[in-house]
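Shared between the two complexes below is chain A, which has chain B as its partner in the first and chain C in the second.
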Partner chain A sequence: MVLVLALGDLHVPHRAPDLPAKFKSMLVPGKIQHIICTGNLCIKEVHDYLKTLCPDLHITRGEYDEETRYPETKTLTIGQFKLGLCHGHQVIPWGDLDSLAMLQRQLDVDILVTGHTHQFTAYKHEGGVVINPGSATGAYSSITYDVNPSFVLMDIDGLRVVVYVYELIDGEVKVDKIDFKKTTTVNLVFL
Partner chain B sequence: MMIPDGIEDEEKWLAEGIAGIQHNAFYMHRALDANNLREVLKYSAQMLSELRTSKLSPHKYYELYMRAFDELRKLEMFFKDESRHGVSIVDLYELVQHAGNILPRLYLLCTVGSVYIKSKEAPAKDVLKDLVEMCLGVQHPIRGLFLRCYLAQISRDKLPDIGSEYKGDSDTVVDAVDFVLQNFIEMNKLWVRLKHQGPGRSREKLEKERSELRDLVGKNLHVLSQIEGVDLEMYKDTVLPRILEQIVNCKDDLSQYYLMDCIIQVFPDEYHLQTLETLLGACPLLQPTVDIKTVLSQLMDRLSNYAASSTDVLPEFLRVEAFAKLSSAIGRVIEAQVEMPIVGAITLYVSLLTFTLRVHPDRLDYVDQVLGACVKKLSGKPKLEDSKAKKQVVALLSAPLEKYKDIVMALTLSNYPRVMDHLDNETNKVMAMVIIQSILKNTSCISTADQVEVLFELIKGLVKDLDGTDVEELDEEDFKEEQNSVARLIHMLYNDDPEEMLKIICAAKKNIMNGGPKRLPFTVPPLILSALGLIRRLQGREGDLTGEEVPATPKNIFQILNQAIEALTTVPSPELALRLYLECAEAANDCDLEPVAYEFFTQAFVLYEEEITDSKSQVTAIHLIIGTLQRMNVFGVENRDTLTHKATGYSAKLLKKPDQCRAVYACSHLFWVDDLDGIKDGERVLLCLKRALRIANAAQQMINITRGSSGPVTLFVEILNKYLYFFEKGNPQVTSAAIQALIELITTETKSDSTAPDAVSDPFFASTLRYIQFQKQKGGAMSEKYDSIKV
Partner chain C sequence: MLKGKLKLPVPEKALRVFPDRLGSLVAGFDDKEEDNGGSDVAFEHGEELETFQPNGFKSDRASDDDEKFQEELEVKVRPRPDKDGAGPASVSRVIAADEKRSDLEYELSRPEINLEKLQRIASTGLPDGGRLRAMAWKLLLGYLPPSRDLWEKELTENRKKYANLKEELLQSPSKFTRKDGAFSPDEQHVDRDMDGPLQRQEISQEDHPLSLGKASVWHEYFQHTEIVEQIDRDLQRTHPDMKFFSGDSSFSRKNKEAMRNILILFAKLNPAIRYVQGMNEVLAPIYFVFTTDTDEQNAGNVEADSFSCFVRLLSDSVDHFCQQLDNSAVGILSTLSRFSELLKANDEELWWHLEFTSKVRPQFYAFRWITLLLTQEFNFQVILRIWDSLLGNPFGVQDMLLRVCCAMLLCVKSRLLSGDFVANLKLLQHYPDINIEYLLQVAQDLSPDTSSFRLSL
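On to the complex of A and B.
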């Protein structure tokens, strides 16, 4: 069982002062094995904070990030899964799932994690799964109205990944989960 | 001058003293066993003579004293039993006074006196009075103190208190009190006299020795507090005034400090509350070197705890006007002690403020008063230099923030900014950060423009250059931290009412704009984004219900935002400004304001053309422009054409061919929007894709020429995917033949001898082919579409 935290688009301090307190109290150091971050932190303080939660931190560059040297895309293997990471402002039209599927094919990954739209989605297509963890702070987005703060926790266990999405709605944290299973071929199946 | 081997000598003398006591005690015991009064008196007097030494320090003398004390207990038992010695207690009292030296004489007298009182043959008060006066005969500080200590010890359980067997018609509590007070007064005098003692002692040694003895003196106050008969009235009328009189008159700072502290610790808080005026009245009369602020802090601390102990107590505080008395007492102390350094005065105000916040938290006027007194003290003086004083001012200003948690309370204190004015720039900024941290930690909301103004006044050190500071001198990390804090703060300024929110934004903007080029990149973005949030709430609003003009309309706000973003040219920050223009353009689109949106795009393009020169930045910038433009639905045909033409033109002019290729095929989406009434110009889509293909070809050829091998076919695979995208969307210009041709092209290129296997393009092509296969097998309309494509 490997826990991977996926989050992004915090936009601290441009669009939000900080992570919601309820999220901060849930995110405790030492419980998570990997963090993948879609980008737009935007400042070093956020980077340092994430590093305290888990030293294995992967970040891709968002268009507002203070650190311009984060890579545009990143791929990593966790257990049986290949994961791809990209902020998403590079993929036009923004949020278009077919265009994101193309990026997924290009990176050759089972799970593609992108952001930019501040809208949580988990989409399965013939080539794999595209996950958008939304904005962890609920930051303003020109693309999405009424953004609720959200992040994703993936539990990777063998050929199976359970995606937990945590959303802060009206002051309460709501959790939902989706199961994905991989056969030994590339395809991910929606359970 | 210290005698170097003094300590060794003292040990020797102590040992000698103890030996002397033991020696005489031995004979005394023999005499006791034999009931021989004469011998008993002789040897006990000799034994007690050891206490006549002046060679020992208090610490050592105490050891000697304790030995004697133990022996005197046996003596007392002997005296009590008349059958053993055959002398009446009255006669015994007379007899012991024949001892040769005064010190042994008085120890014996006290011992007999104890028995005398117990026998009740004379009123307790008479014996006690006699003893306490007789002890005047010993004026040597250490010897006198221990003698009187002995008197206190043996009389303790024999005071004519309420409920005591020694209370009679003529013996009253007053007599008990008088006795203890007198003993106390004499002991204090002796204790003070100690400081003039001994040529062979250094100042530190003297102070240490005096410290060791202080509990002997303080014990008397403790006894007084334990006397049942001392009620509030007696305490107020007799006990306290006489103690204070002695304290003030002795004019000794060590004594004064210790005894004031003693009073506060030993007597009940209820008494202190009721005698506040008297107690505080003594403070200005004390020696200037007395650490009065600690004494007053202790008092206020105890009173704070007392107030917290029960709800019945609080009205008493108001009735006795505790706050007013403490406040004026502190004022008088500060006035009286002209030499007091500023840090002392401020520390006193910090204690008073702590008291006020604990006891009268709802009385903001009291809090403001304390701050006002501090302002008065600081007025007319130059800005604070002393770092301890500065720390205390920060503590003073932080206290209300911690107590109230809601910054708005602190913002209503009129003296708060005035205190801050007296801080130097450095400390001012420290305080400003404390304020911001408090707001962020408590997630307080600042909800009116007036409060915003006050707040920015308080944090002005962070928001602009104060006189005398140079932004260049600041440490970069610290500066960033400061500005990021201000940025976060801006999100705490909020009101649901759009009109008030607009006022808030304008107030914030006004303050931010003076920040100078170093601060704007931090402070402008949160302002803009906050305003965009407001605009979204107002979408569609032109005026209020009556059709009248109101200030809070999207159009008006966009004008303000335009000004704000323009200010970034002074930094200069073209990339940031470009992003903000695009955000505003999209918001204007949602508000159906075509000219406003067009203007924002124009600004963005101008920045791209003139200011963004770095190739990597250009790539990102053009993608942001294309991505935003793709989502615009407010533009009429002409405007849209102009902008898309510009976008595609710039895409093709990027430096690196692969970047060109990708930007150009991204532009294809500008001509196909999947909405109901979205543009669907199949021809122009195809034009873009073909152009991208040409660029990809050119890129391949370039690599061929410059490196002698074929480059990766990734670009072709990407373009293929785009062809498939539009094919599926139903663009008639994208034919299956074209797709087939592209597939074959890639296949050929990949298999050619000069191409190395590529880790990126090979799996990419493979998964694309898999995708096509999948679509073919899907069934329905999609299968039909894909039927003619062979993989």
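On to the complex of A and C.
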């Protein structure tokens, strides 16, 4: 039972001062085993804050990040799943499923997590899953209007993943759940 | 067996006659040896056995039910000089031990067990190995009722209860949410094998991992992780010299896993005390005795039995672990003052010396003795022997415990009287090896503290 937090596009301090208070109260240290961050934090203070939540932190570089040494892409294996991480501004057209699928094949992962569009999406596409956790602070974006703050928490348990989506809509935290299972071959089956 | 040491439950006496019928057989005088209880005597017996075989003594042994016992005796003989020259005394001791064993077996095989008789036998020590100690402890703790025909029913009931508890409380939250059938298969059918956006289910009102609600399974789970970590740390430190508990073998890991479950369950069921450091030490002897029980019927249920007996044993002294009750009438401080009174009633000189002259208050040494039931003061075999006496006391474990602690003080009286604060404290916190039978006999003979509400025989 591994809890993985996926978030990104905070744009602190340029576009947003901080995470919403309701999110901050939920994110306490000791619960989460891994954090994967798509990028655009942008400053070191946010990095340090995320480190306090969980020591195992993986970040890829977004175009506004001030730390230049984050990698462009990253892959990691958690339990039975291979996860891929990339900010997403490198993949053109931005947010296009087919192009993201190309990246997924390149990285050879089951679950690809990208950001940049500031909008939560979760798709099953060509044998893999593409998840976009959206923007955790609700920072504005040139390609999305009315951004709601959102992030994703994945509960990886053996061959099964439960994805909890946390969104702040009209000041209230809404939680959604997505369930999926990996078969022994590449394809993912949805229950 | 453990460390190659054998323990024969031999009642040894220094110049005094035993109250029970075995006393007349024992004629030897035994010094207070600086060794582990009577274990060296056991090796002598082995030797004696060898010598007396031609006299037809062996045929006696061969008729013994428990062959394993015989095997052990023959295997573990270590050549040692005969400590007491009285040959007949050693033989009679062996015969006495043998008789006690068959006595015990007879007692335990009766349909209606006489608990008083069992207590008396237990106070003189139970035989190691085999199934007798485990059965005796279960009876003395009240886990098994005295009438044999109710055993089956009690055991299955308790074991089932334990299994249910485990399922309910020890599950990880993901498995819990999975069991609820939290998704509807019909809706999702459309998506099967088809690309496209994934179906989402709104669960804002239900449980999720970051939930801070009191009723949330996840929240509870995270609250307990701290306790679980503490339990794990303590289990690593339990009896590091024993292969049974420590090391990386799968056997010791299995044992630690079982003990972990028991302690976590106890912590969850008793939110007032939760887990306190040291409970692992109180659990260890119980779990050990039940695991080494040679009775196959009990083999699969060691965990469940240990849990119930652990709870029963702790129910007496559980108040000692609760910090808020420290100063109350049932807390540890009141027990310590009872202990002081007991010492005063039996040896005022020593009491005065400790309390006032060297200012060694019972809080400094007896706290650990009492809360952990002496598991940290002696080696493992001796602990089992002491617990036989503790459990076999008709007035309860706590009463005997205080007596044994008092006896511990009396047995090192001369050293205490000549020591100051530092020396005495050092002595009492690292209690020296002592002849355990002598110690227990002294404990038995103490005059009870008349200020307590319990009257002696």
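We take it that the second predicted complex is superposed on the first by the 191 of 191 C-alpha atoms of A that agree within 3 Å, B and C clash if a C-alpha of one lies under 4 Å from a C-alpha of the other, contacts with A are read in each partner's own complex, and residues count from 1 in each chain.
Keep in mind that, in the parts below, a contact is a pair of C-beta atoms (placed from the backbone, for glycine too) under 8 Å apart; a residue touches a chain by one contact, two chains touch by 3 or more.
All of these numbers come straight from a predicted model, not from anything done at the bench.
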Practice task
Identify whether chain B and chain C fit side by side or clash on chain A in the overlaid structures.
Solution key: fit
Exercise for the section: Determine, under the contact definition given at the top, whether A:82 touches first (chain B), second (chain C), both, or neither. Expected result: neither
Practice task
Answer with first, second, both or neither: which of chain B and chain C does A:74 touch in the superposed model?
Solution key: neither
Exercise for the section: Name the contact category of A:126: first (chain B only), second (chain C only), both, or neither. Expected result: both
Practice task
Have a look at where A:13 lands relative to chain B and chain C in the superposition and call it first, second, both or neither.
Solution key: first
Exercise for the section: State whether A:118 touches chain B only (first), chain C only (second), both chains, or neither. Expected result: neither
Exercise for the section: Return first, second, both or neither, reflecting whether A:34 touches chain B, chain C, both chains, or no partner chain. Expected result: neither
Handout entry: Which superposed partner A:1 touches (first chain B, second chain C, both, neither)
Key = second
Fill in the blank from the handout: Once both structures are superposed, the least CA distance from chain B to chain C in Å comes to 9
Problem - Residues of chain A that lie at the interface with chain B and also at the interface with chain C - result: 126
Completion exercise
Note: in the complex, chain A contacts chain C through residues 1, 3, 25-27, 30-31, 121-126, 129, 153, 155, 157, 160, 162-166, 172-180, 187, 189-191
Completion exercise
As the complex stands, chain C meets chain A at residues 172-175, 177-178, 182-183, 185, 188, 191-204, 206, 208-212, 222, 225
Practice task
Please name which positions on chain A make contact with chain B in the complex.
Solution key: 11-18, 21, 43, 45, 63-64, 89-90, 92-94, 98-99, 101-102, 105-106, 108, 126-127, 139-140, 142-143, 145, 186
Completion exercise
Within the complex, chain A is touched by chain B residues 440, 443, 480, 484-485, 487-489, 491-492, 522, 525-526, 529, 532-533, 536, 579, 583, 586-587, 590, 620, 623-624, 626-628, 630-631, 666, 669, 714, 717-718, 721-722, 725, 728, 760, 763-764, 767-768, 770-771, 774
